[in-house]
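Pasting in a structure now, in structure tokens, and then I'll have a few things to ask.
Here the chain labels run A, B, C and D in written order, and each chain numbers its own residues starting at 1.
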Amino acid sequence: MDKIERFGVSMKAELLQAFDNRIREKGYATRSEAIRDIIRDYLVEGEWEDQSGEVVGTVTIVYDHGTHELSDALTDIQHSNHRAIICATHVHLDEHNCLETVVIRGSSKEIRSIAERLIATRGVKHGKLMCTTTGRRIS
Amino acid sequence: MDKIERFGVSMKAELLQAFDNRIREKGYATRSEAIRDIIRDYLVEGEWEDQSGEVVGTVTIVYDHGTHELSDALTDIQHSNHRAIICATHVHLDEHNCLETVVIRGSSKEIRSIAERLIATRGVKHGKLMCTTTGRRIS
Amino acid sequence: MDKIERFGVSMKAELLQAFDNRIREKGYATRSEAIRDIIRDYLVEGEWEDQSGEVVGTVTIVYDHGTHELSDALTDIQHSNHRAIICATHVHLDEHNCLETVVIRGSSKEIRSIAERLIATRGVKHGKLMCTTTGRRIS
Amino acid sequence: MDKIERFGVSMKAELLQAFDNRIREKGYATRSEAIRDIIRDYLVEGEWEDQSGEVVGTVTIVYDHGTHELSDALTDIQHSNHRAIICATHVHLDEHNCLETVVIRGSSKEIRSIAERLIATRGVKHGKLMCTTTGRRIS
């Protein structure tokens, strides 16, 4: 059973009011939940700065599947990194455009390097890496 | 057949040298490809600022699947937005932690609102939205 | 006298421990102070999304003062926006390079537009806008 | 005299059209100037990743000057880092709120650490670091 701790936070009534308005808009049920989320995000940033630990990233790329040899190139990069790449999901956006999300696990350096290779592949129209966590160090 | 245009870019030799070093590191085969990528990213930003067009977003969330009623809550949000949500991929990171990537299509405002609801759900440890494109306006 | 409110936040002991480590590194004296800061940053983001209110931005540009007509061009942009621009500070980085920080007050749209003109001026090597607040709505 | 190089970039007519529209909005006079700016920004990012070189940062903080001992605390931090801190500009936003921009030069690590201490000082309402360059390695 996880131990829960409780501590007090003090702030001006006005600041708290503004915070309450903003988190209501975002859909949070309680202040604690919003604060926990902000704290976790703050910690995930720290996990990515720390080169030694294991983190998780999602790369999303959009490309035209008709581009010559593009699918093969993307598949090659993924296969040569099969230990780090957990899975890929493919979406057909229209007759030409595809979107692929690739989930990668490893050191922040390794994930960035695989992401850069996927994004730099000729014919990929847009690509970005989203940095997240294995969840192990974030409760 | 798409029409290709070619234009000249001039810069100091020193700046070009620094650029060449940086794109080699990132894995680009040619300057044109690197510059096209940077330009496309710049345009996707514009698509997201423009509230009227259609864009695509990927939300990645990490959560503990053992959290009471969390999976149900996430499924409910996704079902009530089934027209915008294209698909979701689920990864089992370990016995407790799951990662889910959800691909959403719609106006930037609609996507942000669905993403905020998913991320604000109690028990989601980390969540982020990655803003991308349908590829239609980006060639 | 400002009214202070106090409320409780609960989280797993492990998450709190990780947060405490991170804020100690960043130099925070108390949890409350770190949480207030994170909350304020969250609210300033909201102020910039809201087009109607007044915000403050700082533009930093780096340029070579020897570039023909550059100083005049930058001065012209600043003068034609003198009501919004509060002040500019000039730093001589070396014989060639100058840094200038320009403090601008107005709607987020107006500030962005002035910043884009300064940054787009030929000869400016690097420029960025930092989005902050008048402090009026943030206590 | 600096050597200027010229090289060709090719892209689909449609992509080039979209780029031209976007840079016109931002106020760029020529494509070359826009591309040079995007490239420089890309290189400044690299300078900040490289821990060994010298970079420049601007920290902007907003605070209520009436907060007990705040001005003294900020001055102390600045004095104990006087070699790295080039200058500070102070703006009176209203009777209570002040804005200060501090220009700092050093390694990326050193600048981040000074910025974090300034931002974490009790009573600072909002603070951010803007990462820029000495201009020496960016022509």
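Note that a residue touches a chain if its C-beta (ideal position, glycine included) is under 8 Å from a C-beta of that chain, and two chains touch if they have at least 3 such contacts.
What you see is a predicted model, and the numbers here were worked out from it, not measured in a lab.
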{"item": "Rounded Å distance between chain C and chain D, as computed from the means of their C-alpha atoms", "value": "9"}
{"item": "Separation of chain A from chain C, taking each centre as the mean of its C-alpha atoms, in whole Å", "value": "26"}
{"item": "For chain A, residues that touch 2 or more chains besides their own", "value": "40, 138-139"}
{"item": "Graph class of chain-chain contacts, one of line, ring, star, complete, other", "value": "ring"}
{"item": "Touching chain combinations (by label order)", "value": "A-B, A-C, B-D, C-D"}
{"item": "Contact footprint of chain D on chain C as seen in their complex", "value": "23, 26-30, 33-34, 37, 40-41, 44, 56, 58, 60, 62-64, 86-87, 89, 91, 93-94, 96-97, 99, 101, 103, 105, 116-117, 119-120, 122, 124-128, 130-136, 138-139"}
{"item": "Interfacial residue positions of chain D with respect to chain B in the complex", "value": "2-16, 18-19, 22, 31-32, 35-36, 38-40, 42-43, 46, 137-139"}
